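The next part holds the structures, each set out as structure tokens.
In what comes next, subunit A is part of two complexes: it sits with subunit B in the first one and with subunit C in the second one.
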Partner chain A sequence: MINKRTLLALALATGLTAPAFAVAQAESVKIGLLATFEGAFAVLGEDSARGAMTAVEEFDGTAGGKDIEIVRGSSDASPDSAVRAARKLVEQDGVKILVGPLSGDEGIAVKDFAKTHPDVTFINGSSAAQDTTLRDPAENFFRFSTDGAQWMAGLGEYVYDEKGYRSVATVAEDYSFPYTQVFGFMAAFCKAGGKVPSKSWVPIGNKDYSSVIAAIPDEVDAIYVALGGADAVNFLSQYNDAGGQAPLIGGSITVDQTVLTAKGKLRDVLIGTPAAGPTADTNDDPAWTKFVEDYKKQEGAFPSPSLFAHAYYVGMKAAILALNEVEGDLSDGGEKFRAALADLEFETPTGMVSLDENRNAIADIYLTEVTENENGELVNKLIKTTPQVNQTLGIDRDEFMALGAVSRDNPSCE
Partner chain B sequence: MTDSTSASKGPLAQSATLTTRQLAWFAGLIAVGIFIWLVFAQWPDWLKGLLISKKAFLSAILNGLTLAGLYFLVASGFTLVFGLMRNVNLAHGSLYLLGAYIGYEAAELTGYWLVGVAAGFLVLAIVGLIMQIVVFRRLEGDDLRQTLVTIGISVVAADLMLAFWGGNTYQILTPDWLSGAIKLPVVTAVRSNGTEVFLVYPFYRLVVLAAAIVIGIGLWLLINRTRVGSMIRAGVDDRDMLSASGVNVHFVFAIVFALGAALAGLAGVVGGSALSVAPGEDVRYLLASLVVVIVGGMGSITGAAVGALIIGLAEQIGLVYFPTYGVVLTFVIMVVTLALRPQGIMGRSL
Partner chain C sequence: MTDLASAGRNTSLPARSWLERIGTGHILLAVFLLIYPLMASDFFLTQIGGYSLVLGMIALSLMLLAGYGGMVSLAQITVAGAAGYTVAIFGENNSGIYGFGWPWWLYAPFAILLASLMSALIGWIAVRTEGIYTIMITLAVATACFYFAQQNYALFNGFPGYNGLRAPEAFGVYWRDPVPYYYLCLATATIAYAAVLYAARSTFGLSLQAIRDNPRRMRAIGFDVTAHKVFAWWLAGLIAGAAGVLLVWFNGRISPGTISVGPAINILVIAIIGGLRHPIGPFLGAVVVVMMQTFAIDIVGAERFNTLIGLVFLAIVFVSPDGILGLWERFKPRTGGEDWSSFVKGRSDKTKT
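After this line comes the complex of A and B, so read on.
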């Protein structure tokens, strides 16, 4: 009996406090922050929060004349955990704006969840699967952070022309984001005349890569690796242990600060690895260096912001800018706010960002190479900037759609 | 069928059963022969088409064996505790992760990897002892509450470790004498100019396998050849009777729990050096040891070894030959075991 009563009290407490708070603090605007604060991508999640908070602090914690109240939700990179966290933020905490999620499959799942809450606005964090916005998009889901195929702009041509690689094997995690990255890399590499004879798809969170490494054909010129967080660290140190000879080509998050700062035997195999992505550590554009300085004020910051910090910064800043434009007015179910977001065009630390008709970003992409800086830290050196890359990689939209959805087998050029 | 024939026609039937046994031996010999041939012969092209390459196949087998060694280290502690106390310790994965972190810190601090290993083992033995005395002794005989408490401990421990060590991926660096790769006397390919390419394999992983075998034999001797071991076995069979015959059951429980936790801690350091240490590892190794123990049989050291071998090999072979469904494979093995032999391969029915 007592138990039942306690339960009832608990249910009342949790169910009723949320709306009560919303009424009491009319002068604040709640923004949900959804990232992977647990699991294999926990480091990435922590850094994404640093990025988001950098944007909040840049505007002194206010948007549209109201105080910003950040409510955090945690997922573990699995789609169901992301939807669970999003549902909690929207239905229980009552957020009307949600920034997130972080990982590829999560993005697709949250996009589908977004359709069930048309009056809530979802702004992508760093999830970069192509089909989050390309196919069957949600009206209230916005991505200011570009997708994984866009991130690869310039890399395929570079390794073919400059590095002289003709045959490349790929190792990547088995879900939508790495499919998108491999697609982006191969689109240019195969077009230039390169061949990809072997593709290994490994489950996310895999620890032991030595068998995968042994199965890579000996005769390839290089190995393209699209793994993230702990997975990348494991692969790289085991590749080093196995006496890996072939040079590496990096996916965007494989040579990100989240991996470059890991403790272990990665240095030798990483230095000189070319990659491409939405950020470059040695970018000397004043907008970027200012962002790096602001970011470093966050607790536990890396020597240079990871692309997750960057993506969440851009997403959060877009939310604040649009809120300023509508003066914090979300009373019409967020109609005006979303219209402002769709038309938003603003200067980020990495150049101009605007949205296409599917609400996916068009932005600059950087070609980089891993080097050691004067402090002995590993950083991505800027090689070349590819300006204003759109989601169809400069190809006509119909022609691009005809290439088909990214998957394990698409594209293929053996 | 065979019984009735053996009853009626004695000598003939005997020779018949002998032939079946001989047949089994013969089949076994052929299997071993094929395996030896696979290891030492030069592979024809059709076989390469089937199994990618000799290097890939042999590496997968070796990796499966070394992974099995690691799984055995984790699961042996788990199964030991369960066998004696009927306590499914769902915080076992947390003990693994804590051991790994402590080993990392100790190795960083002193510069000696072996100090890290010893620290992981000893500190976790003490943690296990405290857990047993402070938590489990109070809940004795209440299996469900014990299990629920371990879930609670694992959740709290995971967050505390995340708060303290952050989400970074750590790697415990092995000393030079353990690092590097060695050439095994197995030829994987012959280059066109006639030089032979030998199989190269990380030395440390072979050491892990050897350590697991040594510890396995040590545990077996402890359980089967010592006085404490006979108390433990008696406790597994009938706890009350053991207590009635004048043995301090609490003492035996404490020793077993400390040993189980220490093995998890040791595995953490060893595994953290071979692979890496990061949040989430606790759940992964808890799941692995659950599957290993369910397949092998709850409460049996031999079962843990057999289960670890099957799961380790299945995971690695799956990863190389059908990566998409590799994850499912271990669970298929678990389901099949549960369906055909619910007590596990080496388990006794309870």
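After this line comes the complex of A and C, so read on.
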């Protein structure tokens, strides 16, 4: 009897106190990979992991002469879960480099968390809220993937000048990344003279869009949609079912491969939708086509990598390149590594990437339009490249800051 | 509902020394918990230890309602969230909205009080119903609060919620440091646990259990059934509120994700996994759930870890409908003295009416 009790206590004690069993090999470097492997953005999270692994495999799983050991952490796109997962990776698994997170407000939360661990280096995944790096940035948080406003470069002018739209309603999810996207779109569209009479903000994971669709004014020329993953699919199919006629303008993740490959009657509403983002499926740059080939070796890959795969690939590659530069030496609390990251300038599948003083990327942005390729798959056709877009969209930094933080109501041009 | 929630009664307590009254089980547990910081890393201290105690307290408030009152509530995380948002609004945050900067000794009790009043209000609405309808009403309340918090920017700051909520520095100690935070959680949880144990044996607790078993008879004898139930909700609100304050100090932030339907069901899972018969159940459940949610991803990888968590929970409930408490009862040493295990056993001489 006593034995059983002692045994139980012992089991409990070891269970609660035993440190991670993974014995750290002398010659390995641990990199945390934080993405949304659950919830509404799970499909996006899985593709982002494919992108990150593409980069790891490109370097044969080694960085700075050491084997790369990837430790995964999962969130459900809520800031709380992202911080909890990041905390586990840093405090329990002991990663010194963390690549992630995926979604907008997660990025802001992880940036705040980063400030409490100055000796750990955080490299953004695909999170693209503006204020992750623009206001109150963290010294050890780097973003090689540009933000949601940058992704919109060229779209506002294009739909005003080429498509002739003068009045556009917006439908977007109600958190910081879509605010950033709407901001980026409206910055150019309103400047050109366009009007945005109605903005609808819907919660993440919304299933029923009938009231949103009903609230869109009839007289608008087009609808700007910035929804992601399952939300985009739900909205688009319901809009189609409701007999919606207005042409669409896509946010970067609305016409991404994660949506274009979805089953259902999306085809008719989607073809011809202009959008802008950090990737274009029909890009014929050899660097891009090579990346697509490498990416397709991953299990379950889409016909073309999503921008999440691309962003995580770029982030992971930056980590590996900087590790190579410092020969895997993180013994000084990552000081040298972060200095190497800050100065890093490298060729990605989508052109040169470098960082500004807030450690946010300056990179090429692509204007695209959804078309059907010869296999009957929907892809984003490259229309135009906007070279080297910076975070302030070419506006003077002080002037740009004066525009205020992005929100539901900023900007506005009714 | 009553079957699932048949908490024990032990009406004949002979006079014993306080040591005997506490019981060997409790003493062993207390010693282990007190020396736990000596063996555990910082991560295990806060992310597993502290977090389990906090979730355990929220589940304890559910156990109090479900076990003794027969009222299963899905709104306990909402009550904790109310306390959390109160801390964010009246304390300090760096989201740039509100943050009145009250000192901790003012905002913490205020938050707990406000949460308990909200709990009483939810209870007052819910006591008109029974069984599955109570679950439905509290689920509706939880869902409504979640969506309201997510879409209201004036008061709740919408989806991002509040961040930059720091635990106080008082008496020369920063209470979010691993060891102080752990002991703070442990102390609060112990008080809540002892209070529930005491309340269950008090006149109020016994009347509540009698009301659970036969409200009509109790009403006929002259008991105010509604008042007893609402009072139980208020007590549960105090516990959940205290846990809510600890939760925001733990996370350093609060957002609608904290009080969404997922976490609400999580609390129910914790209570069921642990067992509803004794106040120790929710804490056992919390440890298992937190461990699973933290480490399942290391065992089966990122794609399927939620499946593993689900299977383990199913297995526990399948093997033992009373959760871990039921497992303990099955394998516990038969010579157990006057400790809490006999308290659990006491349910077998419960009389059903």
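Throughout what follows, the second predicted complex is superposed on the first by the 390 of 414 C-alpha atoms of A that agree within 3 Å, B and C clash if a C-alpha of one lies under 4 Å from a C-alpha of the other, contacts with A are read in each partner's own complex, and residues count from 1 in each chain.
Note that a residue touches a chain if its C-beta (ideal position, glycine included) is under 8 Å from a C-beta of that chain, and two chains touch if they have at least 3 such contacts.
Note that this is a predicted model, so its numbers are computed, not measured.
Touch criterion met: A:Ser210 reaches subunit B, while subunit C stays clear of it. When the two complexes are overlaid on their common chain A, residue A:Met401 makes contact with neither subunit B nor subunit C. In the superposed pair of complexes, A:Lys263 makes contact with subunit B only, with no contact to subunit C.
Once the two complexes are overlaid on the shared chain, A:Ala242 sits against subunit B while remaining clear of subunit C. Contact with subunit C, but none with subunit B, is seen for A:Ala49 once the two complexes are overlaid on the shared chain. By the document's definition of touching, of the two partners only subunit B reaches A:Ala40; subunit C does not.
When both complexes are overlaid on chain A, the residue A:Met352 reaches neither subunit B nor subunit C. In the overlay built on the shared chain, the residue A:Glu91 is in contact with subunit C alone; subunit B does not reach it. Within the superposed three-chain model, A:Val233 lies in touch with subunit B and out of touch with subunit C [touch as defined at top]. Within subunit A, the residues touched by subunit B in the first complex and by subunit C in the second are 37-38, 45-46, 76, 174, 201, 203, 408.
For subunit C in complex with subunit A, the residues that touch the partner chain are 28, 32, 36, 39-44, 47-49, 147, 150-151, 153, 158-161, 163-164, 251-258, 260, 262, 287, 291, 294, 297-298, 301-303, 305-306, 331, 333-335. In the complex of the two chains, the subunit A residues touching subunit C come out as 1-2, 4-5, 9, 12-13, 15-17, 19-20, 35, 37-38, 45-46, 49, 71-74, 76, 78-81, 83-84, 87-88, 91-92, 105, 108-109, 112, 174-176, 201, 203-204, 408. On subunit A, the positions that touch subunit B within their shared complex are 37-40, 42-46, 76, 174, 200-203, 205-208, 210-215, 217-218, 229-230, 233-234, 237-238, 241-243, 261-265, 300, 408. Within the complex formed with subunit A, the residues of subunit B that make contact are 52-53, 55-56, 58-60, 63-64, 67, 162, 166-171, 173, 179-181, 200, 202, 204-205, 275-276, 278-281, 284, 315-316, 319-320, 323-324, 326-327.
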